[in-house]
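Alright, structures below, take your time with them.
In the two complexes below, chain A is the common chain; its partner is chain B in one and chain C in the other.
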Partner chain A sequence: MVSLQPLTALGRREATTVTQGPLSITERSDVALASVAVRKGRGTDLAKAAEKADIPLPGPATHQPGTPYSAFWITPEMWFVEAPYASHELIADLLKHALGDAASITEQTDAWVAFDLTAPDLAPLLERLCNVDYAAQPEGYATRTVMDHLGVYLIKHGRGSARIYGPRSSAESLLHAIETAAHSVW
Partner chain B sequence: MIIHHPILGPRDAQEFVYLGDASLIDRPDGMTAGVEAFHDYLYQRTNPAGEHQELWYHEQGDRSWLVVTRNTVTHEITKVELAREVARARGRTK
Partner chain C sequence: MTQSHRIDAKLGGGQIDRTKTLRFTFDGLPYQGHPGDTLASALLANGVRLMGRSFKYHRPRGPLSAGSEEPNALVELRTGARQEPNTRATVVELFDGLTANSQNRWPSLRFDAMGINDKLSAFFAAGFYYKTFMWPKSFWEKLYEPIIRRAAGLGSVTREEDPDEYDKGFLHCDLLVIGAGPAGLMAALTAGRAGKRVILADEDFRMGGRLNAETYAVGDVPGADWAAASVAELATMPNVRLMTRTTVMGAFDHGIYGAVERVADHLPTPAKGKPRQSLWRIYSGRAILAAGATERPIAFENNDRPGILLAGALRAYANRWGVKVGERVAIFTNNDDGLRSALDLQAKGVDVVAVIDSRQGGSLLPGIRHLQGAEVIDTSGKLGLASIAVRQANGRSENIAIDALGVSGGWNPNVNIHSHHRSRPVYDPGIAAFIPGSDGPPGLLVAGAAAGQMSTHAALKTGRDAAVAALELSRSPDLPEAEDMPIRITPLWHVAHGKGRAWIDQQNDVTVKDVKLAHQENFTSVEHLKRYTTLGMATDQGKTGNVIGLAVMAELTGRSIPETGTTIYRPPYTPVALGALAGRSRGREFRPFRLTPSHHWAREQGAVFVEVGNWLRTQWIPKPGETEWRQSVDREVLATRKSVGICDVTTLGKIDIQGTDAGAFLDRVYANTFSTLPVGKCRYGLMLREDGIVFDDGTTARMGEHEYVMTTTTANAVTVFRHLEFCRQCLWPEMDVQLISTTEAWAQFSVAGPNARKLLEKIVDQDISDAAFPYMGAGNITVCGGLRARLFRISFSGELAYEIAVPTRYGDALLREMLARGAEYDPVVYGTEALGVMRVEKGHVAGGELNGQSTALNMGLGRMVSKKKDSIGMVLSQREGLTDENGYRLVGVKPVDPNGKLTAGSHFLEKGAAPVAANDGGWLTSKVYSPHLGHDIALGYLKAGDKKIGQRMRIVNLLSGLDTEVEIVSPHMFDPEGERLRG
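Moving on to the complex of A and B:
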């Protein structure tokens, strides 16, 4: 009998937290993720099904929190949906069941690494990492951008609270980029 | 240079990748149009000094294709539209 051990995106048994001055970078391995894309001409059907299932489908460049499902917009007619991993490990199946054939759903959990950043003010850090004007954006702003040549999603939960989704295979490089920028701020 | 994305607002041009003339949208029907029409579609480009419609891809953003109307002399951008909507307005189904 093979005994398999789940590893986090950084290749460890437990999720990692790194601190630098007032900043803490927390790897999140407890988030399930799936993409939802409208099938051609089925926007209204999807909106109805999503409302019934309490799955938010926010407007452009926006993250909408909820329980258990949160979601953010990634491109016209497409979203990433987040849920707690413990209760929604099979998030793609759950969404397929809830949304039927109005949407195409793809499991994304193991394709990304999620880092939660907390500090009193993240603007000095993020202005070194990407071209998003973090201070000027409202809470709940979500966008795709580039940090150290890596395409990432950046979600602003508040002035001092943000989440970054980066490519899982580059988890260590992304963490290194954030740490390097943090060293020059704090 | 700033490109005013129709959905996301002003974005730095470095986030975009340039493809070329927006006439690429008007691909002739390969079964009926004949080889001459396809040759022209593939190889012939006008190179105007002045207003030009171009395809740009928002690679570092929402990955949408845009049709940007730009003056090649002044680099002034006068119009930015989603390529999808331009294609549909020209009778394409996708």
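Moving on to the complex of A and C:
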């Protein structure tokens, strides 16, 4: 039994939700994350292993949900795979077991802060944060972009539902940027 | 004050809400206006024509225009921290409580002592200060320039911090329509009805453009009503975004346009948390420039008095704002549009006493004294127009008493944005103006008056057609009926008469005489003309003056206007507040911060933080009784060397490198070899640039057969990762290597000191004895009952030391746990200053030595560059110039007198040598006070330094006056045998 008490990226014991008008910003510390990159020439092997293990490896600019594994494309032949932290804290080991040596796998859980945003329509907020044409993108769109000088991943789950992965060390700055942009809108 | 110059509502109410009254002040006097007014229209309604003083001569000035081209009516708006200079009264939307003051005058607008400049104008011609203030040379900076700057100027800037917020954002559309006049509205309707995503932006607070200022019909309704109905239809379309108060200020690369939205400038203050302005970056597949046209004046003597306006502006004030600028008005024109102004004013009950038409022939206006072939040759009136002198066709002169004169010299298409990519406009003699060239920004079409299509019908048609062409639409909507009058103009640029001054660029006080002087002194090219006279260099970019100046130069040189050339425009179209460009990146929010895993703990302890890139690192942690930083740092160093110290080193870059070629990849990017490194071990690595200079250093551990973890310096974490990606993707794509940063994924702490192992043994679940975990060992472990962690036995301090890493969420807890469980060893947490002291004591290189100019040889690490393999930088590191045996070498330095002081940046000199560059032996790169040794110590690069160990030299710093005798020693100044390290 580990005796250490973790902190969320915002430095709190529990993940919290901030609201501004109709917008909710929820820190998600319950998501395990790992990168999966194809070893040279092993794309077919990886695809087979992933299919067998029910690990989605979607195409460019796409997030594919699943249980327990969801995934989004981050660069050619590389994905971030998500899973519930409670059951998949050791996500890198679990993925290595499932995918074998066809992929290079690295734990990324604590490299990022995840914020889930919900509002009736997020486009007016996101147009003040990044250059993504949110309204025009389909559900399941995933992209790398920049918010407040920070490189982030933006995943569109719906018109009013999105997740942002930002650098963990800048969690407070990123939240502040989202909140101030929200003040401009609502 | 009553609104004495407001036209009776029965004659047409204008587009103001007369049922509501707004109160405002100008130069401390109270006035009233209505919603829909601009500051200029409201002042004119109150009979105020005098609104400013000119830039150089301090001439009395009133508004020339009714739009954003205004050169004269510049005011300081608001007070206190929100005071904004150089605001154009013609575009300021009136609000209740507005406060404005005139600027560039003393002591008052009506009596301006600097008006003496006007009397001395003969001395102030173009280029006067280049010629006049030449000697003595030293007077320029201290005397002449301050006086000139005070005498010639615009408004003053508040010294208080701007209290408002500014937003930035990004918009996307299929079609951006710039300008919401008839062309822009028709383009937006065409695209909007076709279901395309449209942004329609207009700088005005009311869409409709010139239709709001005219009386003619579009379809079967007045043009303004058609505009309002069109806007209402567009507002119902979810695919159309209407942006009033939004100036598209520039066309940039790749279909990107910049736009400033004045979100709250029409309010006394922005709502709490809301921005004052937003700077939008608009990404548009196609754009249509429908920015209309700007009327230009005619230059004649004393053509700048308050009350002399553009004829179209007189018409606009009457039609849109219900304001008659004067009781007795005349029009001076060279084209039919001036006649339209006369008729509109007459219809509003204004006494139009004469129309001075420079053209001969044609039909005469009914019911108005229409003087054909006549010219205005002079004006009079101290603070405003009182009369004009007219030279009639038969040569006779006549004075006519009037208080307002409308001047129309023709209309210039607003080509500005079309030339932002250096497209040169072309001269169209049919309208005597420049129209857009054919090489504008890709994807930008031009419609309406901006394209030289001056009639309403032409505007509607070209707007529609541009939208159809831009979006390749299959259907083209019908057009409403509208006037389609031809342009009838006989160019007249300036009236040749007398020796007085005739203004061309009213904001910069450039006259016909100045252009003549430029010609006389052979500054005849357009670009020279501009710089010699300052024509077009004011905040209005010469919107009303440039073409006239060009035409006058053409006359003087005997060339045609096209032969003379043209000027192009740069962004921004109109002035942009610096706050809008800065957005939220100011003060504490200039850039985001990165917080270390121990930040919250350190803040509880009262730590002093230092910015390292975006990171906030603990610099030192003061304890009670410590009054200055050295006390804290000395304590942290001594405690670490005595027992154990802990330092958060999470900021060091960490890169996960995997793949079957990972080892071979590292052999190529590092100067030394890594493919032979056993699993479970780590090694110090040196990375060179292509040119052989040291790029970065750090420790890389082999965690598995095909898995390495590289650490980089904090400063180079991003650049090294980028470099590795370049190598992987571009140089050696055949290699099986995968990279990803894990800098933030792991909280990493250095645990150093004689008791480091004992402390860690209370944390780590496995055996970490010297035998089980020897020097330079690395491996995956668990801590505190099973938490996955990594341990590296490496040292930057020269002590027995480890770096221990856990998932970042546990970093704070791990630190607290180490301090609690290891309390018997009295552990100290040390910051970057103590870290620096210990690494200098040990002679480890860091930022001061990794300066982008130094080689491995310079650092005493030349043998690390393996010749047994190829690696980036290896070959070029062998260049003759970099391998000089008497070149710079890293040395340690200590003062001969223990009280002697050293400073980084000081230079080595031989004893007795003069402090000149020829005698320079090198420089100190890093300096600290060593509490162990009891004196300053330093590292430095010294020529042939390795041969000078034990010698005495001087350290000289001419800036601080330092001249200290020192002894050159080995860089390893503390525990040179490394016994503590391996303990």
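The rule is short, and it goes like this: the second predicted complex is superposed on the first by the 183 of 186 C-alpha atoms of A that agree within 3 Å, B and C clash if a C-alpha of one lies under 4 Å from a C-alpha of the other, contacts with A are read in each partner's own complex, and residues count from 1 in each chain.
Keep in mind that, in the parts below, contacts are C-beta pairs under 8 Å (C-beta built on N, C-alpha and C of every residue); 3 or more make two chains touch, one makes a residue touch a chain.
Just so we're clear, the structure is a prediction, and the values are computed from it rather than from any experiment.
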- With the two structures laid over each other on chain A, which partner does A:21 touch: chain B (first), chain C (second), both, or neither? neither
- Query: Looking at the overlay, does A:133 come into contact with chain B only (first), chain C only (second), both, or neither?
  - Reply: second
- Message: So in the superposed three-chain picture, is A:41 touching just chain B, just chain C, both, or none of them (first/second/both/neither)?
- Response: second
- In the superposed arrangement, does A:158 touch chain B (first), chain C (second), both or neither? neither
- Does chain B (first) or chain C (second) touch A:61, or do both, or does neither? first
- Task: With both structures superposed, pick whichever of chain B and chain C touches the larger number of chain A residues.
- Result: C
- Task: Kindly classify A:143 by the partners it touches after superposition: chain B alone (first), chain C alone (second), both, or neither?
- Result: first
- Once the two structures are superposed, pull the chain A residues common to the chain B and chain C interfaces. 131
- Item | For the chain A and chain B complex, residues of the former touching the latter | 60-61, 74-76, 131, 143-146, 151
- Which residues of chain C touch chain A in their complex? 165, 167-172, 197, 273-275, 278, 281, 283, 584-585, 589, 591-596, 599-600, 614-615, 650, 656, 658-661, 706-707, 734-738, 740-747, 783-788, 806-814, 817
- Item | Residues of chain B defined as touching chain A within the complex | 7-8, 12, 14-15, 60-64, 82, 84
- Item | Contact set on chain A toward chain C in their complex | 1-9, 11, 29, 35, 37-41, 78, 90, 104-112, 127-133, 135-136, 148-150, 167-174, 176-177, 180-181, 183-184
